[in-house]
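To keep things simple, chains are lettered A, B, C, D and E as they appear, and every chain counts its residues starting from 1.
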C-alpha cells in the first residue's frame, strides 16, 4: 500500500538545459540583481542604470548568438519538457529583442535623468519585459506563451503609465491595461478552446494530434474558434486593425522611450508568437487562417497609412505608421501561410523575421530623435516642433531623415530590404493583389514621412527654440541605429543568410 | 443530483455575473463577483477539481475581491455610478451585439463539436490524488511555466512599487 | 569645275561665318561687300560649272558630288550630296546672279541701318540655303535648304522685329510654310518606303521605269505639291506672302519674288518623272490650282494701293502661271517664266525699293506720282519691267507667258481662258501702278509734312550702287526672252529653244509634246491674242488712271483680298483659339484635377475614419469586440459550422 | 547578333581592367560624401569638390565615348559582381549603343549644371546640401542607365527620387513643396507596380526557362519565355512605372509642376536625363524583356504617343508661364520618342535613342535660358516679358538657335532624330505618322508665338535694360549649341554607335516573336557615278 | 425529477462558460468605473477557468487544471498592477471614470 504510494510518488524532475536557457536567465537575473542592489544602494551616479541594462541585454543577445551555431549544427530542439523551442526562430527573436532593449536602455537613461526620477525599477521592468518577449518567441507551449505575453504586457502597462508628471502617460497606461486585459482574456479563452480540440496546450503535441487525426471540415470547430481568439489576442499586441485602437493613444501618451520599446520589442515578440501559433502550431489550418490574416493585413495597411497622413503629432504619426508596418509584416505571414508546415517553404517566415529586426532598430532610432526634439520643446511632439530642425541640428535631422526614408522603403536603407523581402515572399506565393495593395499603401504612407521631412528640412520654426542637446547615450543609440540602417541597406546578404535558417524551426 | 447542483451553481454564477454589470454601486458589484466565484468553485468541485476549488475560494474570493473592496474604500469611489445615462448612444446596442455575438458564436462552436470532443478515462479523484497529479504536472511538464510565474510576480511587484512610489514633485508637496 | 560645285554653297557659308564672327567689326559697308563678293564668287563657280556641263554630251550632264554620309541608318542611307545637272545649274546661275545684284542694291538700301551687318548675315545664310535647295542630290538635302530658306525668310521678314506687324508676318510665314513642309515630309517617308531611298535619281528612276505603283507616284507628287503650295504661296496657303512685304525691300526682291518662292516650281520640275508617272488628275489639279491662284491674285492686285502689295500679289499671280505651266507639262515654260519673272519682278521690287527710299519710307502709291521727273533711272527701268510683265513684244515676259498659254490651251481651253484674263488684269494693274507712281500729278507735295521732312520735301534719286542693279536687271528683263525663242520664221534656227535643249535631259520624262496639236500650228495667232490682251489691259488702265475716262473700279472686297485672310485669322483667333484653350482647361481641370482629387479623397477618408478614434476606452473595446465577432463569424460559421 | 546580347554581351569586346562604369557611379557618390563631411563654414569648398568630381565623371564618360567599340552590338565594359546572393542579385553594369549617349549626356550635363548655374542661396551654408544632392542625383542617374540587373535598376530608379525631391522642395519656387511631393508620390505609385512586376518576372522566369532565381536582365531576357498573357501582365507592371516617368498622357501632370517649380539646375537635369529613364526603361526593360507584350500592345502606345504629341503641343501653346510652356513641349517631344520606340524598325528606334539625347540637349538648354530670364527679371510670365531681342540680341540669338533645334529645323540636331523616328515609323504605322507629323507644325506654332511675345516688339520699361548674355553664361550655353549644330550636320558618329545595338534589339524581338522588321523595297536604279 | 436523471455533460459547462464570458465582455463595454471593468475581466477569466476544468475532467488530463492554476496567478498579478495604476491615477483626479480619460484621441 505505502509502497504503491511510494512507487506512485517516484517522480523524475525534468532536466533543465541551463545553457540553452542562458539568455533568459541572463535577462532575469540581471533584473533581479538590479532590483536588489538598486534597493540597497543610493541612486547610482550618471547613466549607470542605463549602461548596466544595456550591458545585460548585450550579454543576453551575445549568448543567443553563441547558441546560433549549436542550433545550426545539432538542429532545432525543445527545452524543459517541450516548454520552450530551441531554434533559430527563437534565437533570432531573442537577438532582435536584446538589440532593441539595448538601444531603448540607452535612450531611457537620458529621458529619466532629465525628469529626475531615475531609478532601478524601470530598467528592471524593461529587462523582465524583454525576458517575457524572449519567452513569447521561444514558447512551445501555449500556456508558456501566455505567461510570457503577460510578463511583457504587465511590464508595459506599468511603463506606459510610469511618467507621473503627465496625465497623458497615465491615461495611456490605464487604456492599455484595460484593453490589454480584455484582449488577453480572449487569448486565454482561445487557448482553452484549442485545448478542447486537441487535449493539449503544447504546440508539438497539438501539431502531432492534427497529424494523426483526420480533420473533417467543421468537426474541429473548437480549434477554429480557438484560432480566431488567439488571432485576436496577438492581433491586439501587434496592433493590427481593428485591434489597433489602443496604439495611437498609448504610443502618444507613453514616455517616448517606452513607446520605442513597445513598437520594437512588443511588436517583434507578438509577431514571433503569431508565427509560433499560426505557422508552427496550426499549419493544418493554414487555409482557415490565411484569409483572416489577409484581411487584417489589408485593413492594417490601408487604415494605418491613411490615418497616419492626417495626424499632426509626430508620435501619433509614427504610431499609425507602425500600424501600417504591421500590415506589411502580416503580408509576410500571409505568404508564409501558403506553405506552412511543408518541408520546403518559401521566404515568408524569413522575410517576417528580417522585417522585425530591421523595423525594431528603425523605430527605436526614430523615437530616439523624437525624444530629443520633444525634450527641447517642453514635451511637444507636434509637427511644428520639428520645423527647422535641420537648421538647428543638421546631424540629428540627417539621422531622422535616414530613419524616415527607411520607413518609407527607399532603397539603400534597411527598410527597403525589409519591404522587398515581404513583398517578394507574397509575390512568390502569387498573392499579387495584397502585394500591390501593400506597395500602394506604402506610397500613401510615404506622404507622411515626406511631411515630417518637409518640416524638418524645408520649414523654419516660427517661435525661437533652443538647440537640441544630444546626450552621449542617446546620440550613441541614434548613430548605431542609423549606421545599421544604412549598412544593412547596402549589404543585407549576411542578414538574409541568417534569417533563411528560421524555416527549420522546432516542430 | 449532479444536474441540480449544476443548475443551482450556474444560477449563482450567472446571477453574480449579471449583478456585476448592472449594480450601480461598485461594492454590490464586487459582491456579485464573489457570488460568481463561489458558483464557479462549486462547479470545480462537481468536476473533481477539489484543489482548484479551494484555491478559487481562497485566492479569488478571499484575496482578489477583498483587494477590490479595499481599493474601493481607499479611493472612496463607492459612490454609485448612474447607469441610466450613456454618453455614447451606440455603446449599449453595440455591447449587446458584441456580447450576444460572442456567446452565440462560441455556443455554436461548442455545440458543433459536442460529439467529436475526445473522451478520456476520468481522473481518479479519491483522496489527495488530484493534488498529487496536479503537483506532478506542475513540477514536471510545466515546471518552466511555474518558474515563469515567479518572473510575472516580480514584474507585478516592481510595477506596483513604481506606480505607487511618489514622484519627486509629489514628494516636494 | 564639276567636282567643286560644293563651292557654290561654300562661299555664302564662309560669308555667313565671317560676318557672324567679325560682322560688327566690319560694319557698314564692308560687311555688305563681303557678302556680295561671296555670292559673286559662287556665281562665278556656277558659270564655270555651266560651261563644264555644256562641254559634255547632253545625256552625260549629270554629276553627283558626295561630301559625306549624312543620315545612315541600315536601309536608310542619305548622303550630303550635290547634283550638278542642267536644271540645278540653271537655278544656281540665276539665284546667285540675281542674288548678287540684290546684295549690291541692299548695300545702298540698308545704309544707316543699325543692324546692317546682321542683314547681310541673313542674306548670305539665305543664299547658302537656296543653293543647297537647288543643288541637293536627294529630297532631304533639298529639304534642308527648303527649311533653311524658310527660316531665313522668317528672320528677314521680321528683321525690324520691334514692329509687331513685322514680327507677326515672319511667324505667319514660317508656320504657313510648315504646313507645306508637312506634305514634303510625308512625301519623303512615302518615297523611302516605296524605293528605300530619297535620292532624286532613285525616285525618278523608279518612276520612269514604272517600278513605282501609280497610286504611290500620285501620292508622292501631290504631297510634294502641298509643300510647293506652301513655299510658292499658292491657294490656299498664299496668305503669308503679301504680309511678307513687312521685310526690307531687297528681301522682298530676292526671297519673295526671284528665288525662294520659285522653289516649289523647281521641286515639281525636279520631280517631273514622278508627276508623269502619277495618275492624270494629279497634273490637272496642279494646273487648276495654279490658274485659279493666278486669276485670284490678279484681281486683288487691281485694288491695292501699297506699292509693294501690288507687286506681292502680282508675284502670287505669276507663280500661279508657273504652276499652270507645270500642270500643263510645260516644264521648260515654267522654268523660262521663272527666270524671266525673276528678272523683271526683282527689277520692279528693287525699283519700288528705290522709290520708297526716295520717298522716305512712303509706300502708299496714292501719295506718289510724277516721280519720273525726280528719279529718271528708277522710273525708266521700272517701265521696262512693267512692259515685260505685261507681256509686250519683245520684252522677255512676252515670250515666257506666251509659251505657257500655248501649253495651257493644249491642256484645256478653260485654263487658257483664265490665263488670258489674268494677262489682261496683269497688264491693267501694272499700268495702274506705273501711272500712279511715276505719272499723273505729284501728290507727295501735299503730304510733305507727313514725311517728317523738315522744310520743303523732295523725293530724290537713289545712289548709283542701287541704280546699277536696276540697270542690269532692266537689260535682262528686256532681253531675257532670247534664252527660249519659239520656232518662228524670223528667229534663226540656232537661237530657237535654247533653254529647252539645255533642260531636255532633265525634263524629257514629263514634258508634254504638243508639236502635233492644233494649238501649236496656230501659235502665231495665239501670240497675237496674247499681245492684244496686254494692250487691252494697258489701254484700260491708261483710260482710267491717266485720262480719267472712267471711275476706277476698286471694290472694297478686292482691296480686302476677298476677305480670305481676315476670315482665316478670324477663325484662328476665334474657334481655333477657343479649342486650344479648351484643351488647356481640360488638362488643368480634368486630368490634373483627378490627380489632386485622389490626394484630397485619401485625406478626406482619413479624416472620416479618425472619428472612430474617440479616445474613449469603452468605444475601443467595442471596436475590438466587433473585430472579435467578425473573426469568430469567419472561423466558426465560415469555416466550421457551415 | 542575337548571341551578342546574351553570351557575347557579358564579355566586353574591349576589356578594360579599370572598372570605368562602377567609377561613373561611385565617383559622384563619393563626392557627395566628401561634401557632407566638409564643414559648412567653408561654402566655397563645396562647389569646388562638386565641380571636380562632376567634371572628372564627365571626362570619364567622354573617354567611354571614344573607347566604345562600334562593331560590338553587345554590352561593353561590363562589370559583374555578386551582391545579394540570397536573392540572386548582382552588381551588373554594362553599356551599349542605347545607353552610351545617355551616359555621356549625364556626364556632360551635370558639370554644366553644377558649375554653370548659381543656386542663389541667400544662406551660403545651403550650398552644402545643394551640391551633395546634385552629386547623389548624378550617381543615381548613372546607375539607372548602366545597371543590367532588375533589382539594381530598381534601386537606382527609386533612389534618384530622393535628391530630386529635396532639390525641388528646397531650392524651387513658390509652389515647390507641393510640386515635389506630387512628383515623388506619382513616381512611387508607378514604381510600386514595377516592383511587384520585377519580382513576379523573376519567379516566373525561374519556372519558365531560367531555372534559378536571378535578377539578371540579360539572363532573363534571353532564356525566359513567358506565356503571352503572363508576359503582358508583367510588361504592364513595368509599363506603368515608365509611362509615369516619361510621362505619357494622361499620367503627365506631375511634370509641368515639377519642371516649373524646380530650380534651374533641377529642371535642366530633370528634362535632360531623368525623363529619359522612362523612355530608356521602355526600351531596355519593356521591349527587350517582353518583346511579345510590347509588340502586342504597340497600337496603344503609338496612339498614346500621338495623343501626347498633339496634346502636349496644344497645351504648351496656351501656357502663360514660359517655363511651363517648355515643360509641356517636353510632353510632345517625348511623344515622338515613344512613337519611335514602338515602331519596331531600326530607323525609328535609332531615332528615338538619338531624340532622347537631342531633347536632353535642347530642352535642357531651353530651361537654362528660361532660368537666365528668371534671374534677370524674376518672372516667368510671358506677359511680363517683351522686346528682349532688342535689349539683348546675343541672348536672343542663343535662344533662337536652341528654339529652332527644338522645333526640328534641318541642320540642327532635333531634325535628324525626328526625321528618323517618323520615317522609320512610317514603315509600320503609316497613319499614326500622318497625324504625328502635324506636331511639327504645332511645335513651330507654340515656340514661335512665345518667342514673338517674349523677344520681339519694343521693350517696355522693365525689359529695356535686360542684361546681355554674360561670358560665364555663354560658356555654359556654348557646349549646348555646339552639340546642337554638330549633331545636326554630322550625326553619323552618333548613329553608327547606336545602330548596332538597336539592330540587335530588333533581332531579339524578331527571334522572340513572329514579327519581321519591314524593309523598304530596294529598287536601285541607275545612280550613274 | 427529470433534472435528477440527466448528467450535465462537458458541453453544458462549456456553454455556461461561454455565456459567462460573453457577460464579462458586455460588462466591459457598458461600465465606466475602471474597477468594475477589471471585475468584468475577472469574469471572463473565470469563464476560461471553468472551460479548462470541464475539459480536463472530460479528457482525464490534468493539464487543464494546471492551466487554471496559472490563470489564477496571472489574474492576481493583473489585478495588483491594474489597481496600482488606478490608484496612481485616482490619486490625482479622484472619481475619474473611464470616460473621463479621453484626452488622447484621433
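For this structure, a couple of remarks:
We adopt the following convention: a residue touches a chain if its C-beta (ideal position, glycine included) is under 8 Å from a C-beta of that chain, and two chains touch if they have at least 3 such contacts.
Keep in mind that this is a model prediction, so the values were computed, not measured.
Least step count on the touch graph, subunit B to subunit D: 2.
Where touching is counted per the definition, the chains common to subunit B and subunit E are A, C.
When each chain is reduced to the average of its Cα atoms, B sits farthest from subunit C. By number of C-beta pairs in contact, the leading pair of chains is B-E. Legend note: the chain whose CA centroid lies nearest the centroid of all displayed protein CA atoms is D.
For the pair subunit A and subunit E, the distance between C-alpha centroids works out to 27 Å. Between subunit B and subunit C, the centres computed from C-alpha atoms are 102 Å apart. One inter-chain figure worth recording: subunit C and subunit E are separated by 98 Å, centre to centre, where each centre is the mean of the chain's CA atoms. Centre to centre, using the average C-alpha position, subunit D and subunit E are separated by 66 Å. Shown for subunit D are the residues in touch with two or more other chains, namely 185. Counting partner chains per residue, subunit E has residues 14, 21, 24-25, 28-30, 32, 38, 55, 59, 61, 63, 66, 70, 74, 77, 81, 84-86, 88, 98-99, 101-106 touching two or more of them.
Subunit B has residues 91, 94-95, 98-99, 102, 105-106, 108-110, 112, 117-118, 120, 136, 141-142, 145, 149, 152, 155-156, 159-160, 163 in contact with two or more other chains. By the document's touch criterion, interfaces exist between A-B, A-C, A-D, A-E, B-C, B-E, C-D, C-E.
Those residues of subunit C that touch subunit E in the shared complex are 610, 613-618, 621-622, 625, 628.
On the subunit E side of its complex with subunit A, the touching residues are 14, 21, 24-25, 28, 34, 37-38, 41, 44-45, 47-48, 51-52, 55, 59, 61, 63-64, 66-67, 70-71, 74, 77-78, 81-82, 84-86, 88-89, 92-93, 98, 101-106. Against subunit B, the residues of subunit C that register as touching in their complex are 614, 616, 618-619, 622, 625-626, 628-629, 632-633, 636-637, 640-641. The touching residues of subunit D, counted against subunit A in their complex, run 40, 83-87, 154-156, 158-159, 161-162, 165-166, 169-170, 176-177, 181, 184-185, 188-189, 192-193, 195-196, 199-200, 203. Touching subunit D in their complex are the following residues of subunit A: 394, 405, 410-412, 416, 420, 423-424, 427-428, 432, 435-436, 439-440, 442-443, 446-447, 450, 454, 457-458, 492-493, 496-497, 500.
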